[in-house]
Amino acid sequence: MRNPLGWAALTLFSLLFFAFIYAPLFVIVGYSFNANPVNMMIWEGFTLDWYTGLFGLTERSMDANSRAAYIESTDQMLAALRNSLFVAVFTTTIATVMGTATAIALARFRFRGRRLYDGFLMLPMMMPDIVLGIGLLIFFVTLGMQLSLLTIIIGHCTFLTSYVFIIVQARMAGLDPALEEASADLGASEWVTLRKVLLPQLAPGIMGGALLAFVISMDDLVITYFVSGTGDTTLPVFIFGMIRRGVKPEINAIATLLILASVAIAALGLWLRSRKTD
Amino acid sequence: MRRQSVILGLLLGPVTLFLGVFFLLPLLIIALFSVLTPGLYGGVEWAFYHWNYGRVFGWADGITEIYEPVYLSILFRSLGFAAMTVGICLLLCYPVAFWVSRLPQRWRLVFLFLITLPFFSSLIVRLYAWLLILKPSGLLNGVLMATGLVEAPLEILYTPAAVVLGMVYVMIPFMFLPLYGAIDNLDRAQVEASLDLGATRVQTFVKVMLPQTLPGIMGGAVIVFIPSVGNFIVPDVLGGAKGLMIGNLVEQQFLSARNWPFGAALSMIIMSVVLVVLLTAVTRARKRSDTR
Amino acid sequence: MTALLEIRGARREFVTPEGGRLAALDGVDLDVGANEFVTLLGPSGCGKTTLLRAVSGFETLDGGTIRLDGADIAALPPFRRPVNTVFQSYALFGHMTVARNVGYALEVQGVPRATYEAEVAAALEKVGLSGLGGRKPSQLSGGQRQRVALARAIIAKPRLLLLDEPLSALDRNLRQQMQIELKALQHRLGIAFVFVTHDQEEALTMSDRIVVMRAGRIEQIGTPRDIYRQPKNRFVAEFIGETNLFPVLVERIEGATALARTDAGVVLAIPAEGRRAGERVTAILRPTDLALAGEGIRGTVTRAVYLGADLHLFVQPAAGGPEISVTTRDVASLPATGETVHLAHDPARVHLLAEA
């Protein structure tokens, strides 16, 4: 493709494309430092108030009532963050164990209906989340199960197991089956082979799958929206509610912190992937 | 071998049980609820009732339930929005994926990282950013008015255009990665051979590149289309008006109208659309790989 | 003497993708002695690898028995069999050091630390890799990886070592060197080796006995010399080394030799013992058994291939029929392409097959 003009046009288009992707994120970061408390669209100078406010450190002129309301909503947000982390940690653990076990089973055993099972595991991932969300809602309510963090964890595990499965399966496919045979040949039982050969070899895939499950669980809005009880919201649902009710400047600070966290996680993922190739 | 079946059972048993109970059963329950009678105060009565579908497709009796053509038009609008999202994503991503694939290794990795990064950042935060930009008093109008391009703020937020823009924005990574995979896999020598044999760049694109990257295009299209059809977050945040897409309609049935059977029927419609799209894509892909 | 390994009537069928059945092993009987070097030789798909994997425990037989030291091992899982394998891909554990790879069998047995370390050092020494224990397999050359795989397989002192085409990934020089080392190692360890290969030269170099297989059956078992000089059938003759096959009619007996003629008219002298006139047999002559001479089979040189010490000629017999291939020493007066030559042979070197 040695057409300098064409290449230049393509480069310009691509750079605009990346600007389109990143501009909104920078907009949030910018606004998060805007001191104007009434209209966040009008720049009124630099402040860190919204960040310090998130952690209840701000000394702003407020009457006692609004101060109490303010602290309450901050507490709610921190509680939502805690809930999100709690759900994500448990979901990641369960989904990673189940997804890995399935990937190993489907790669190493030949049984009737194996291909069907393989296709079945794609379904939770391809099912629109709203369908899965309301299905679980009706199911839990019909069964008389209280909506809680547990129902959120269950909801997340149904589709995140598939994500982990796909990633570990890809790693599994690149693995020489002779490795496990060599281990068995040298006297290791299935359990020892799993511990000493299979899991260490699969580790990058398992870590990658777990990371993805964690990120998606932290970010899931739709399924959580339907199966969370009134008291147990997660951070995305909390932010969604805030946007619906009308935004307060703190949301920019929260959003900026979330963007930073995602950059950190993505960098971690990249680092894990680069380590895999040694 | 007994031992092997025990191990297989240990590996697959828990997953099978879990997905059977918490995935298959809920889907069956949706199907069941979609043909039950809505109760007076938000509950259900366990009696067969086909008018949940009748309300949408036109055989409602006009007394207990009324046929509302608006439901069908909402369904078609959702399909249309999803199709537009797919089309725009494709048009944006294909040239860029090609550009990235032709960069030196170092830069290729940088831009691939940049494309996956938004995937790791919160969806709701990214939508919220567009809210800030598109608002009548938002950044975009501020810039347009300051430069004198427009005199009054443009009404972009809460329009279908804003919804499609938002969906394109959140779906871009899902389109980009399969496309990039297909384009990067393409043997560069084939493109050179085509040019060498006298084909123009356009001919080479149409006759060599497009057919060979078709699996990536199809994959990306399916992955973008499916979550777009049933989406209710984007129309809720950027679309404003209620009942813009079928996902909003479902959500209302469950959280405000409290007509669960009707909501279940609408979900069944979304699910059938998705299954049709998936099955078509899979059989097409099989056929393609068989003829090779 | 009872054999270390006794295989009787081994059968194994696979279902092909088209739904048909394919016998990978179709009634195989084989004995391997306590410190014998036995090679399973055959083209790909002949069942040699399936047979090996049935012994190591990775394939289950549909019929037949496998006994090791007189005990049936069919029901034992691979990790309970006193048999170790050197894999074709080496199957070294990439996440472990060379030393941990080599010591793996002892590690999973829970051998005490001191013994473990001494044994690992000894095994590395045996294969000439002392000092490389701390490396990762990815930091080794192909030949070194091969040695690690070998050390790892012998550390638990198996009764029987199985080698699945272990040299196929090495280049020619290294392969020849490893052939000699493997044979020496087997001698030193005093354990039985069962070696799978499709390379007949490899089989001839190393084996005490060669088992030639085709389509799930054993065609012939014998010493390398037997297999080379006295193949039982055309398949074995053609698979092992280069061969000239002459389907002939025995014309008359003259004392210890008989005269035989191909349909095209090439006349050969063959051993007379057991022959009678009018009989159809196939005569086998290796290229090295023919020599350029003043008389014999007359023909024209069609192609000459220079091999260094030897010269390989293809000669079209004047009488007709397929070309004859001849290997001769590189001597001063070499025939050129198109030149007429005569090929002589010693009747005693002719091997006969009853099949025509």
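Just so it is clear, A, B and C label the chains in written order, and each chain counts residues from 1 on its own.
Note that a residue touches a chain if its C-beta (ideal position, glycine included) is under 8 Å from a C-beta of that chain, and two chains touch if they have at least 3 such contacts.
Please read all numbers here as calculations on a predicted model, not as lab measurements.
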TODO: Tell me which chain's centre, taken as the mean of its C-alpha atoms, is farthest from chain A.
DONE: C
TODO: Would you mind checking which pair of chains has the most C-beta pairs in contact?
DONE: A-B
Open item on the list: Just the number, please: Cα centre separation of chain A and chain C in whole Å.
Closed with: 57
TODO: Between chain B and chain C, tell me the centre distance in angstrom, where each centre is the average of that chain's C-alpha atoms.
DONE: 60
- [ ] Could you put a whole-Å number on the gap between the CA centroids of chain A and chain B?
- [x] 18
TODO: Quick one: which residues in chain C touch 2 or more of the other chains?
DONE: 77
Open item on the list: I need the residues of chain B touching at least two other chains; which ones are they?
Closed with: 3
- [ ] Give the residues of chain A that touch two or more other chains, as numbers and ranges in rising order.
- [x] none
- [ ] Can you check the complex and tell me which residues of chain A touch chain C?
- [x] 176, 178-179, 181-189, 192, 196-197, 200-201, 203, 278
Task: Residue numbers on chain C that touch chain A, as the complex places them - done: 56-58, 77-80, 83-85, 87-89, 91-96, 104-105, 107-109, 138, 152-153, 156
Open item on the list: List the residues on chain A that touch chain B in their complex, please.
Closed with: 1, 3, 6, 10-11, 13-14, 17-18, 20-25, 27-28, 31, 39-41, 98-99, 101-102, 104-105, 109, 111, 117, 120-121, 123-124, 126-132, 134-139, 142, 154-155, 157-158, 161, 190, 215, 218-219, 221-222, 226, 235-236, 239-240, 243-244, 247, 251, 255, 258-259, 262-263, 265-266, 269-270
Task: In the complex with chain A, residue positions of chain B that touch it - done: 3-4, 7-8, 10-12, 14-15, 18-19, 22-23, 25-27, 29-30, 33, 92, 95-96, 98-100, 102, 111, 113-118, 120-133, 135, 137-139, 142, 169, 172, 191, 201, 226-227, 229-233, 236-237, 247, 250-251, 254, 260, 263-264, 267, 270-271, 274, 278
